[in-house]
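One chain, subunit A, links the two complexes that follow: it is found with subunit B in the first and with subunit C in the second.
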Partner chain A sequence: MSSIDEPIPIEGVTYRQLEIEKKPLTPGYVPRDPALVPKANRAAVVNPVRTCMPFGAMFAGLGMHRGLPFVQGAQGCTTYVRYTFCRIFQEPASIANASFHEDAAVFGGRKNFTEGIRNLVVRYKPRVVTVVTTCSSEIIGDDMASFVKVAKKRLVSELGPEDGNRVRLVLVSTPSFAGSHVAGYDRASRAFLETLAADHSRPNNRVNIIPGMLMPGDVREIKHLLAEMGVAAHVLFDISDVFDTPLMPPQTLPYYPEGGTRVEEVEDMANSMATFALCPNEGGLGARYLEQKFEIPAFAGPVPVGVRNTDLFLERLARVTGREAPKTLRDERGRLLDFMADTLHHTMMKKVALFGDPDLVTGLTRFVCELGMEPVAVLSGTQTKTFAADIEGLTGEFGHTPAVFNGSDLFEFEETLKTMPVEVLIGNSKGADIARELRIPLVRTGLFVYDRVGYQKRPVVGYRGGERLLADLVNAILDSSYPEERTQQL
Partner chain B sequence: MPFVRLKCNESIPERDKHTYITDCKNPLVPRCNVNTIPGDMTERGCAFAGARGVVGGPITDAIQIVHAPVGCAYYTWATRRHLSDQYAWSGPGRLDNVAFNRRYCVVTDMEEKDVVFGGSKKLLKTALESIKLFPEAAGVIMYTTCTSGLIGDDIGPVAKQIEQETGRLVFFAEAPGCSGVSQSKGHHVANRQLFGQINEIRRKRPELITPEEERTPYDIALVGEYNMDWDLKVILPLLESIGMRVLGTFTGNARMTDLVRLPDAKLNVVHCQRSATYIADLIKEGYDLPYVTASFFGIQQTNKALRRIAGHFGMEERAEQVVARETARLQPALDWYRRRLAGKTVAIYVGGPRVWHWIKLLEELEMRVVAGACTFAHEDDYEKINARAGDGVLIIDNPNEFELEEMLESYRPDLFLCGLKEKYLGRKMGIPTLNSHSYEKGPYAGYVGFINFARDIHQAVSAPVWTLVNGKETVFDHVEHR
Partner chain C sequence: MAIKNTPAAGSGRVPFIDPARADHGVCVGPGRQIPACDQRTLPGAMSQRSCAYYGARWFLAQLRQVLHLVHGPVSCAYYGETVRKKWYPVFSTDLTENEIIFGGEAKLLSALRELAARFPDHRALLVYVTCAPGITGDDVDRVCRRAERDTGMRCVPVHCPGFLGYHQAAGHEIGTRVFLEHFIGRGGPGEPGGPGEPGPRDINLLGEFDVMGDYRVIKGLFRRLGVNVVNAVTADASVESLARAHRVRLNLIHCRRTGGLLAEEMEDRYGIEYRKSSFFGLTETSASLRRLGEWLDCRAEAEALIAEGEAAVAGDLDRYRRELAGKRVGLFFGGSRLGSMLKGYRDLGLEVVAAGSQFGCQNDYREAWTGLNPGTALVDDANEEEVLRFIRQYRPDVIAGGTREKWLAHKFGVPFTVFPQESGPYAGYSGFLNFARDILAALKAPVWRIVKGESRN
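Entry: the complex of A and B
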């Protein structure tokens, strides 16, 4: 059966044969109507850098052990999101749907909800169901709080009190027209803690971590930092073993990934020493809820990307827990610094543009400043109250004054970059076409990386994440900026 | 009793009517194209997905505007691999062939105030701005979704106004996600509405109709071909080699004016017979233009398609020449793959007609289909499946995730042909999978495309990783499975 001794007789169609001709219309850039370039001047959003609020709530819900999101809306509301998860993580993503059809739109979604929850729970036996609302359920005015009560009652009467009460329903209200995926995750963090966390006045000597929409590799890296510090933690929405699972059949049916945060852990979060929402806009609501309700100190961001931010995270962790950072972490820090020193000629004064979700972009901006790069344009797809001031403040420390876009779209970003001498672009896969037009490399980071493999597996947070990022950056610069014979003798 | 109850469906007996085992003497048509049971973990999408993602999405020279909050637009932005000979990026300069459908995602980004006060004005403004920003585009295609549909935004008058103010071509599809049971409804709605708009344009702007001197007796239009991973690059030369001239495609690599010219053909060739027979029917009725159905998947079916099309024009001989030439050229490769794949079993899960298209195709590789499932097939699809499947094949209509898991676990097929969402699930079960919706490394159509398909199947099935996954003796044998 070996193909070595017996070559394939003829080939199919290769991609090379499918190449097509470009028909140039103009030799140089023709600027688009400048009056319409700023997003503020337009009704149209062209090439958004954010998606819908339910996405964030589903992301969170899938981070629970035996957790299934249930989306009160039309089928596309789950199919598209599942599709996106599959593209990003190359993993299955199980999400249930109320299957809104015309009758639900007319008569409301109560029947779909109670029946749907029943069907889901009876067959799948989840531990926690994240109830996610959508544009449609919010517009038709579904009274979800009362639906949840009715559904729960039905479960208890059908399954008996033990099984019926075992499954927890957490309602997250996420009308898409009121915010982005960032807000969806943020709201989910509060909804879970409001619904599940309970004060037993028994300190658990742990800290709470709400990672935000970081990748499995990032959550693993955070756990590594905690383990090195000797700190035990509850991670809310721990997707690390949900969206990066081993291939180890046979599987038990229905298929659930092994990982995820357990309901008991969320309940116990009211007894922790402190809460760290690594991304302030993605989990900050949950951290602040615990602070107000149970007086648990809350730290919201900055995301521990780069040297200073990781230092800050560990300093706070040490202060809260009374533990000292071990030598192993000092070594990790030292290795990153060594790497930065070794590569500084490639990073210094390089002009860089960044886009993505507000928290990660803010962290990345500080890191590129630490590398001696010059951020010339920074964009957050989701508008936040602090983004502009945060970026201006931290870049000011390094003497830079980038153009800041708070809640803008990629069209404005791209047209602006065409007037700037940018050398590197940092952002998600949606920047690929821009990078090609500008003829600069794109270093892929953030939530929507689906056209390169492995991003989700390796961290960007922590000192080791910094090494990975720096390697990606410098390799991209080497690939694009120097003739080959130079790079062969670094 | 050919209907079967899967173990996972014991608590949802309604699902029994959707699952059966084929029996040639006793053919059954399951309950299909009906509402999904809420909470059953459906794989279906929505009507908007059918209209925007499948039908309108491939049209390349139009600015695609989604009238909705940002999510619906974001998820349909350059997701599906319907390629075109237009570029998404140009380097410095502007191109004559820009793929607006993949390069730009335009959305009205409805916010709370638009939901409360209505969004029609915002839609109009968005469209006018986009035309100003992208003057090289031929026009716009607009879509409504749940949000704009539920609050009752009226898109027709907006379209008219855009047309009047700019003179551009305007198409639109009103297919809110919650209308209809699946994406199939969106195909239907978009077909009907686009046909109406094509008529209207032809009436108002007769200069866009193909002039008499440009017509040939062998003009055909390809309907329901979406150019997945460049299928058209394979199909078009075949049609040309039997003497046809392809006037336009609905809608793979299509320009807006191509659509206007669709009714000028002498014959329509329907490829996807689920999503586009509607418009072929309408054109037949309205323009007295006949159509034939054709499948370009697999050798036998491609042969048949060429013969059928050529036969319509009395050019059987040319078809025979092409068939003889191509099949002879293909034979060695076919033998090569057949030797490696013969006897292996397959489960197919696709949207609609590809199950019955591919039963034939897999037979040519001497593979055996043991289970099949369709997301949105209708009665006629199941009739065709029954005619081709043989006895004892498990068929599931609108399968949910649990049913697919059970199907894979109990049949353990050597290959699972499916879409992106299911392919990772199949892999967790240790079963080789292949994305057959938008392909792994296509094109898969026609003769040479068939070799690509066979190659991808071979690569999926024979990868050494499966031996390692399913290998029995490892040092971890004492470690208990959860």
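Entry: the complex of A and C
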């Protein structure tokens, strides 16, 4: 943020003036022209909380073992996304680019695509290449399906049938103007299963997990729950050891993280007992594809955040596999409940606002309700069909009626928050300015946490994730609600 | 794999470069050519280059009194909000399938009207045209003219679709053209920009981006010489100050890729002389101040300033030099200050074993060439694989480069310092100490010793 005395482009006032003026429910606060606050009434989007489809597809593609995304688009489409990954995870993200310049924009991108795939495969020897399309290649109408075939043929003729056929090319169509990163991941989940999952021959006694765009810590926690249950699983797009890898030189070249889902695992996913898409909008398409094609039961969400949603996940897991939750997990649940009881005087009846990606926000909303907090405003950056109904349904169970924004921007969110009393903000790093202006604490959650370290390493899912979240929440409240000069005895 | 500790001296070939790009790298030696540059990136390579839109944002982000509207899908605005680790408000027309098929001109027009009505105290609207409308062919120029007529606010199209050019420097050039055509010398009647005498020590500083406070340091040095910076493009420039930009006596170029074209054009149009300068490193800072002193006829003041600055850092610098002397460093910068920045490393006694830039031009490499020891590898647009091979073959003590390779170098146990920097200013005399401290901190971090110890067991 700029200096506090610099004019900012909102009616020419300075941040210092805003500090007083914008404080919610201050008598002097003059609300903005209400006609311009709702996003529906504006042509311009201000402070979006979503990014492009290719981002989601690249996130998925990096979750494969020796998997490299290949972007058929301008170099910025790769560089911006890599930069974003680096900011979130502080890890390398290897993404190749087709070097799509004016010539490709005019004459079509086939030449640079086939050349690029060949260069990439010869140099990096990947197992799977996620072909990601962009605005430009989609608008000019590149026939990517046929390009992929041509590229494959060229690989086979140049490298021989064995090497040429070993690398799998998965095409994910992701025109950025047609959806957000959530849809990109969703489409990638289906594209991978359509391309790779093989006919179901013998049951493998496993379940499939499609985690969605959760953090490495979350995927580890899910694996921990599965291990405690004694359930074997295939995790599609397993980023846990890709975006949180150990420092252990020397490595061989080309460098790949050791983790990631193997192609064989994806092939075998057609033989599993059930598919759990933890985030319904991020991976639900893949789960439904398996259900329709191979009759594998699909469970799409809710994301196992908080007590009830984790219970539900474990119950379904038990029903599918016939295994009971062991005492260790019941103890974990008990520890979370104990923590909730011990901290209720900090959380009860606190008014909270949440924003972020639809699935996680839905899960978090239920969790804050379980904590006795009152959600007053809930925003999903990406518009989905069910978001509003989901939020209204679950908050109704607890007797709350928050304002729901389905696919809006942070400008509308912020202006609305200024008209209502809010005590805590839950969302990603883009909420830092809002929190500063409203003088309330921000608890960072979700995909885009880039101004704090370590968020990605610890879970928010499962009972243990609930404990971490609760601790973050209460500590944030303590930091902002109590005078600094006094030591609080909790 | 055999590990070579010295570059393949004499052969002229850079040992870590991709064979398909062999002409993009040379080892410095008698009679050899500079690397091929300003060419299309090898498809499929993990290049660090970015697009024209990125360059335009980098160039224009800090221009004050303007609103930035990105005409394209919302994500381009999302990514363009952060420039140089700072956040800037950016508006987007959020194109969806509907506008891709039927055209986004109507939406753009209403967005422009809306913004002009809501932020009347701003002086201009910049409309970035990204890939999508660049291909669908929205007539943004016409819409801007229309909006300008309707609202009275200057609406300036910035044609920077990502596929334009071979790297982000295309965007810098577009930004330059926008300045020349729409802002420099364009004040209304009675406004600044009209006729008037330039101050004797009025200058423009071109290609300075104020990364972590660099510009503050430079401005401090200038103030001591009585130099008045009318515009720093674009660390400190506004519509108002740009209107006066053609009334200076001297253009000082800091980053040539950004300022070079602007300086040349301004010389053609307004007859303003330009000089190259750099405030990174001891030698370069002193040399730049000396040149400036000569030009402005204040040699004595400049010499006093140089003496004072050098004396202030001498003690600390001795200590840093003792610790850093002879350490081997690889430099993979983004822009084109390669030649001048090299000298900063040499001031510390570091040995540069490889150097390169993502989008340097021939002049940059020619300049770098003269500052490098024989045998040093000079590489254009080094990609991820090449950097890794460089690490394996050369075993550098430290690398400097862009953020994206940092994490990879760490995985190989090599300390990395980021450029543009993440900590305090690097410019001038005091900044140079920050720079030295950052390298030393990266080098001496105990983690690298621990990592090596573990790998032996």
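Convention: the second predicted complex is superposed on the first by the 455 of 490 C-alpha atoms of A that agree within 3 Å, B and C clash if a C-alpha of one lies under 4 Å from a C-alpha of the other, contacts with A are read in each partner's own complex, and residues count from 1 in each chain.
In the analysis below, a contact is a pair of C-beta atoms (placed from the backbone, for glycine too) under 8 Å apart; a residue touches a chain by one contact, two chains touch by 3 or more.
Bear in mind the structure is a predicted one, so any value in this text is a computation, not a measurement.
> Decide which partner touches more residues of subunit A, taking subunit B and subunit C as the two options.
After superposition, B is the partner touching more of subunit A.
> Based on the superposed arrangement, let me know which partner A:437 touches: subunit B (first), subunit C (second), both, or neither?
In the superposed model, A:437 contacts subunit B only, not subunit C.
> Let me test your reading of the model: by the given contact rule, A:249 touches which partner, first (subunit B), second (subunit C), both or neither?
In the superposition, A:249 contacts both subunit B and subunit C.
> Contacts for A:178 in the overlay, against subunit B (first) and subunit C (second): which applies, first, second, both or neither?
After superposition on chain A, A:178 lies in contact with both partners, subunit B and subunit C.
> With the two complexes superposed on chain A, say which partner A:258 touches: subunit B (first), subunit C (second), both, or neither.
A:258 sits against subunit B, while subunit C stays out of touch.
> Touching subunit B in one complex and subunit C in the other: list those residues of subunit A.
Comparing the two interfaces on subunit A, one with subunit B and one with subunit C, the shared residues are 1, 8-12, 36, 42-48, 50-52, 55, 70, 73-77, 79-84, 86, 90-102, 104-105, 112-113, 115-120, 123-124, 134-136, 139-140, 175-178, 180, 245, 247-251, 253-255, 433.
> Which residues of subunit A touch subunit B in their complex?
Residue list for subunit A touching subunit B: 1, 6, 8-13, 15, 17-18, 20-30, 32-33, 36, 42-48, 50-55, 70, 73-77, 79-84, 86-87, 90-105, 111-113, 115-120, 122-124, 134-136, 139-140, 175-178, 180, 245, 247-255, 258, 411, 430, 432-434, 436-437, 439.
> How about subunit C: which of its residues touch subunit A in the complex?
Going through subunit C, the ones touching subunit A are 18, 20, 40-54, 67, 69, 72-79, 86-87, 89, 91-97, 99-100, 107-108, 110-111, 114-115, 118-119, 121-122, 130-132, 134-136, 161-168, 384-385, 388-389, 392, 403-408, 410-413, 447, 451, 454-455.
> Considering the complex alone, what residue numbers of subunit B touch subunit A?
8-9, 11-12, 35-49, 65, 68-77, 79, 85, 87-97, 103-112, 114-115, 122, 125-127, 129-130, 132-134, 136, 145-147, 150-151, 176-183, 230, 233-234, 329-330, 332-333, 335-336, 340, 401-402, 405-406, 409, 420-425, 427-430, 441-443, 448-455, 462, 465, 469-470, 481-482
> Residue numbers of subunit A touching subunit C in their complex, please.
For this pair, the touching residues of subunit A are 1-2, 7-12, 36, 42-48, 50-52, 55, 70, 73-77, 79-84, 86, 90-102, 104-105, 112-113, 115-120, 123-124, 134-136, 139-140, 175-178, 180-181, 245, 247-251, 253-255, 433.
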